[in-house]
Amino acid sequence: MILYEANGPTISTVSARNGRLFARCVAIHWSLRISLFITCYNDVLFPKTGQAVVTVLERLGHTVEFRPTQTCCGQMHYNSGYHMDALPLMEKFLEDFHDAEVICIPSASCVSTIRDHYPVMAEKSGSKDLIRQVNEILPRVFEFSELLIDKLGVEDTGAYFPHVVTLHCSCHSLRSLGVGDKPERLLRNVKGLTFVPLEDYDQCCGFGGTFAVKNAEVSSAMAADKVKCILNTKAEVCAALDNSCLMQIGGTLGRDHAVTCTMHLAEILASTQSANGGTLA
Amino acid sequence: MSIRVGEAAEAPSFAVASKELLKNDQLRRNVRNATGIIRGKRANVVGETPDWQQLRDAGHAIKEHTLRHLGDYLARFEENCIRAGGKVHWARDADEANAISIELIHRYTPDGKRAEVIKVKSMTTDEIGMNKALVTAGITPYETDLADLIVQLGDDKPSHIVVPALHRNRMEIRELFMRTMKLDELGTSPEDIAGAARVYLREKFLRVPIAISGANFAVAETGSVCVVESEGNGRMCVSLPRVLISVVGIEKIIPTFQDLEVFLQLLSRSATGERMNPYNSIWTGVVPGDGPREFHVILLDNGRTKVLADSASSETLDCIRCGACLNACPVYRQTGGHAYGSIYAGPIGAILTPQLQSMEHSTSLPYASSLCGACYEVCPVKINIPEILIHLREKIVDGQDHHGGMGTDFAEKAGMKVAAWAMSDAANLSTVRAAGRLAQIPFARNGVIHSLPGMLGQWTNTRDMPAIPAESFRQWWARRRQNVVPGGTK
Amino acid sequence: MISDSTARADILLKIRLAAGSHSDALETEYAALPRTYRQQGTSDRAAVLTMFTNRLRDYDAGVYRCNAAEIAETVAAAMDARGKTSLLRTGKLPQEWLPAKFRFFASDVRNANPSRDDLAWFAEVDQSEGVITGCFAAVAFTGTIILRHEDGNGSRALTLIPDYHLCVVLADQIVETVPEGLARLKGFETMPITTISGPSATADIEMTRVKGVHGPRFLDVIIVG
């Protein structure tokens, strides 16, 4: 696997895929210039997640860039049926990132909007140019855990986090992205961390964007079920790839005065013995 | 025209209906328990089928192909059914289908006899409100599927497309049977209860001369009709009476007999988690010496051609009514089927009902989903339900439905406009963020908001909300750039 | 006037407007549909027979194995086990399958006596102790018996109304997969067909599978060969 970009050679573990053989080997590669699409709600509400992503990627020897013109992928507008408002946001994203080599997005649902819905939107717009732009950008779009494992070939990020952690597999990460056990593998490689599986891990937490307010009662009932499973694990932390789900889960845990807290996967991976000694969020 | 989906036009919105249902713990437990069992069984038998994904691909492709050539295949079916001695009628809507059925029933009821029919479980006849129409015309319909019987005797509504009475538990059913069948004694085991239904219905099977069925599949190539079932009531209805009337939605056509090899495998495993459901009956027209002497098919539109006309959502018509999406749906599992106000509940109901009847009657249904995608994952014919839900939301927002602008509420529209403006430019986003910081001052304590007014109060009624932190990511990034060597590591 | 003759034209017109008309492409398009699923089994005969047996047992059917010379004997054993003294049979069932110590009544369809009243015949069948038939084909992967209603398979009513069905399945009638099973019906598609996978059942009450509602509550299968 040859990776390019110009910040000097780095040594790291790469998992190379060769036909049906998965071989783990040590390879020399060039560090990457990774463009971070922080997403609108992480920018405003969960800045720590973005900071953690930067920490992890830089620790692995890559360069992170942040393009300040970026805003939002258009997910909320698209999923709520406001397609006329979503389209300019897609165009903006395509423009903001048109020449980015690798785009890292720490939100599975936003990646899913880009991967699953941008092609539909482009198709519907009838613009050949948009269709081309979408096709060109898709191979460069990575969710955070995908980036680590598929693109960078890293499972052990060198993190230290001496706590009991469970994982909520968000619907988009599981069904749209198909990340499978990638986030779990990343967690299991964290030193000091005890991983406990979550019962009904594939059940929706009930967030669903505007669903959470439009059908608040049903949404809360779904969250209550999810929280029950989380509390059963006795984990100190519930991790996920989406802060939107964690807002729903954490908001419910908080209302119940539970001791369990929520953290984005990146925040756990960012923790090292030297940095913060693996303290809780 | 009266396109009708049961009584869905008069039903309250999903949000209103679900609020009530969430308070019914018994019902929720029953639904949870039943869907949990079917999900487990389905997962087992799907897991042991090595070519499951290939079967799904084939099922989807065959259905889509059929829809593209629906007119041709319907004409073929008609020709072959007539050649085999059947009679074919066409009905544009519910009223026409009911009128044809009523006229046939009166024609074939022996003079001086009470008009009665036995019925096999059929979503299509539920959709057109047939039982009500029959009763009004002086005809007594007897539902023969156990769950349908439970619903009919209890004057209840079906809550699931495969197991319509799954919201009722054993003791509730026992009590209902004792009361309506006038039994002094009845055991408490499922066997006892099923036994009571056997006795109650057997007399009717052996006596009533006219039956009504739906169809799971209608084969264009041969003119054959296929009914899939478990209890034997279907076999009774399609083979014992003198007259059989099958009401068949026009989307039930499949091209060839061979195609059954795909759909019979997909349907049984998805619907009940059986490798094959106990009985499939396949018949063609009238066979001398075996089965009904008169066979009528009513091909029903009732909104289906309207669904077909929108290519972004027409794959809704691929549905084989297996119910797997209901069992998988976390929303359905909370509320049960009645919240959907339609005989079509769950994810398929949320997309089918609004498309069949005019949208203004069901604007809440496309929002009855968190878009989690569990339905799409299990659907045996790969209907992309989340994408269709989003498409229908768009139609609602645009007020595109030709029945006129029902739209969404004003607060939401305004919010979306503000958000669209905010996201159109990074500077706008920072402005809105700053405004939010100010606005949250009265509500935020230690970085957490416990209560908010207006629409967001729907969130804070049950959940805390994080307050907007003092520094956004992009502020942090800018600050860091000033302190750190560009491009370097810390 | 029963159906409005304009309804047909109306519906077909709406379909044409909605879906367009592509009849030219129909046959080629159909032939090109993806059929990458299993159309043929890969297991050997012994494994197929074992699979069929296990599936039937899963469905709670009684299963007997014997060779061709032992059919009558095995029928007798099955009837003894169920406490039966007589069964209905179809006219064309091989005589040598029937043990002499029991009674078998040929009870066939209206063919035999077209003027006969169905209801009286149904009542008679309803009073019987059960029915014995052969079958047309069987599918091991799903534990399915396919009846093509004529000759030795019996009419639809005959195999349905009695509470007990004893079915004799010959080994060479058993295929592994559903496509192979349905392929055997080639040329006979328009005859009445019933597929049976275990005794009648319902799970409508708390999803608990209850054996037997309206169809035969008891199914025994004799696999020959």
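Should a chain be cited, it is by its letter among A, B and C, assigned in written order, with residues numbered from 1 in that chain.
Basically, contacts are C-beta pairs under 8 Å (C-beta built on N, C-alpha and C of every residue); 3 or more make two chains touch, one makes a residue touch a chain.
Worth saying up front: this structure is predicted, and the values here are computed from it rather than measured.
K.L.:
Once you've mapped the touching chain pairs, tell me: line, ring, star, complete or other?
P.N.:
Basically the chains just string along in a line.
K.L.:
What pair of chains has the most C-beta pairs in contact?
P.N.:
Top of the contact-pair ranking: B-C.
K.L.:
Taking the mean of all protein CA atoms as the centre, name the chain whose own CA mean is closest to it.
P.N.:
It is chain B that sits nearest the middle.
K.L.:
Please identify which chain has its centre, taken as the mean of its CA atoms, farthest from the centre of chain B.
P.N.:
The most distant chain relative to chain B turns out to be A.
K.L.:
Need the CA-centroid distance for the pair chain B / chain C, whole Å please.
P.N.:
Using C-alpha averages as centres, the distance is 30 Å.
K.L.:
Find the geometric centre of each of chain A and chain C from their Cα atoms only, then give the gap between the two centres in Å, rounded to an integer.
P.N.:
Each chain reduced to its C-alpha mean, chain A and chain C end up 53 Å apart.
K.L.:
On a C-alpha centroid basis, what's the spacing between chain A and chain B, in Å?
P.N.:
A distance of 33 Å separates the two centres.
K.L.:
Send over the residues of chain A in touch with two or more other chains.
P.N.:
Not one residue of chain A touches more than one other chain, so the list is empty.
K.L.:
In their complex, what parts of chain A are in touch with chain B?
P.N.:
7, 38, 40, 42-47, 50-51, 55, 58-59, 61, 63, 66, 68-72, 74, 76-85, 88-89, 92, 116-117, 120, 171-172, 175-176, 202-204, 206-223, 247-248, 250-252, 254-255
K.L.:
Can you list the chain B residues touching chain A in their complex?
P.N.:
Touch residues, chain B against chain A: 14-15, 18-19, 22, 330-331, 334-335, 366-374, 376-377, 387, 390, 392-398, 408, 412, 416-417, 419-420, 422-426, 429, 433, 436, 448, 450, 455-456, 458-459, 461-466, 468-469, 471-478, 487, 489-490.
K.L.:
Please name which positions on chain B make contact with chain C in the complex.
P.N.:
My answer: residues 30, 33-34, 37-38, 50-51, 54-55, 57-58, 61-62, 65, 67-72, 74-75, 84, 89-92, 96, 100, 103-104, 144-147, 150, 163, 165-166, 169-170, 173, 190-191, 193-194, 197-198, 201-202, 205-207, 219, 221-224, 230-233, 235-236, 239-240, 242, 250, 255-258, 260-262, 264-265, 268, 272, 274-285, 287-291, 298-299, 301, 305-306, 308-309, 314.
K.L.:
Flag every residue of chain C that touches chain B in the complex, lowest number first.
P.N.:
Chain C reaches chain B through residues 2-4, 7-8, 10-12, 14-23, 26, 29-30, 33-39, 55, 59, 109-111, 114, 118-119, 122-123, 126, 139, 141-144, 149-150, 155-157, 160-161, 178-179, 182-183, 185, 189-208, 210-216.
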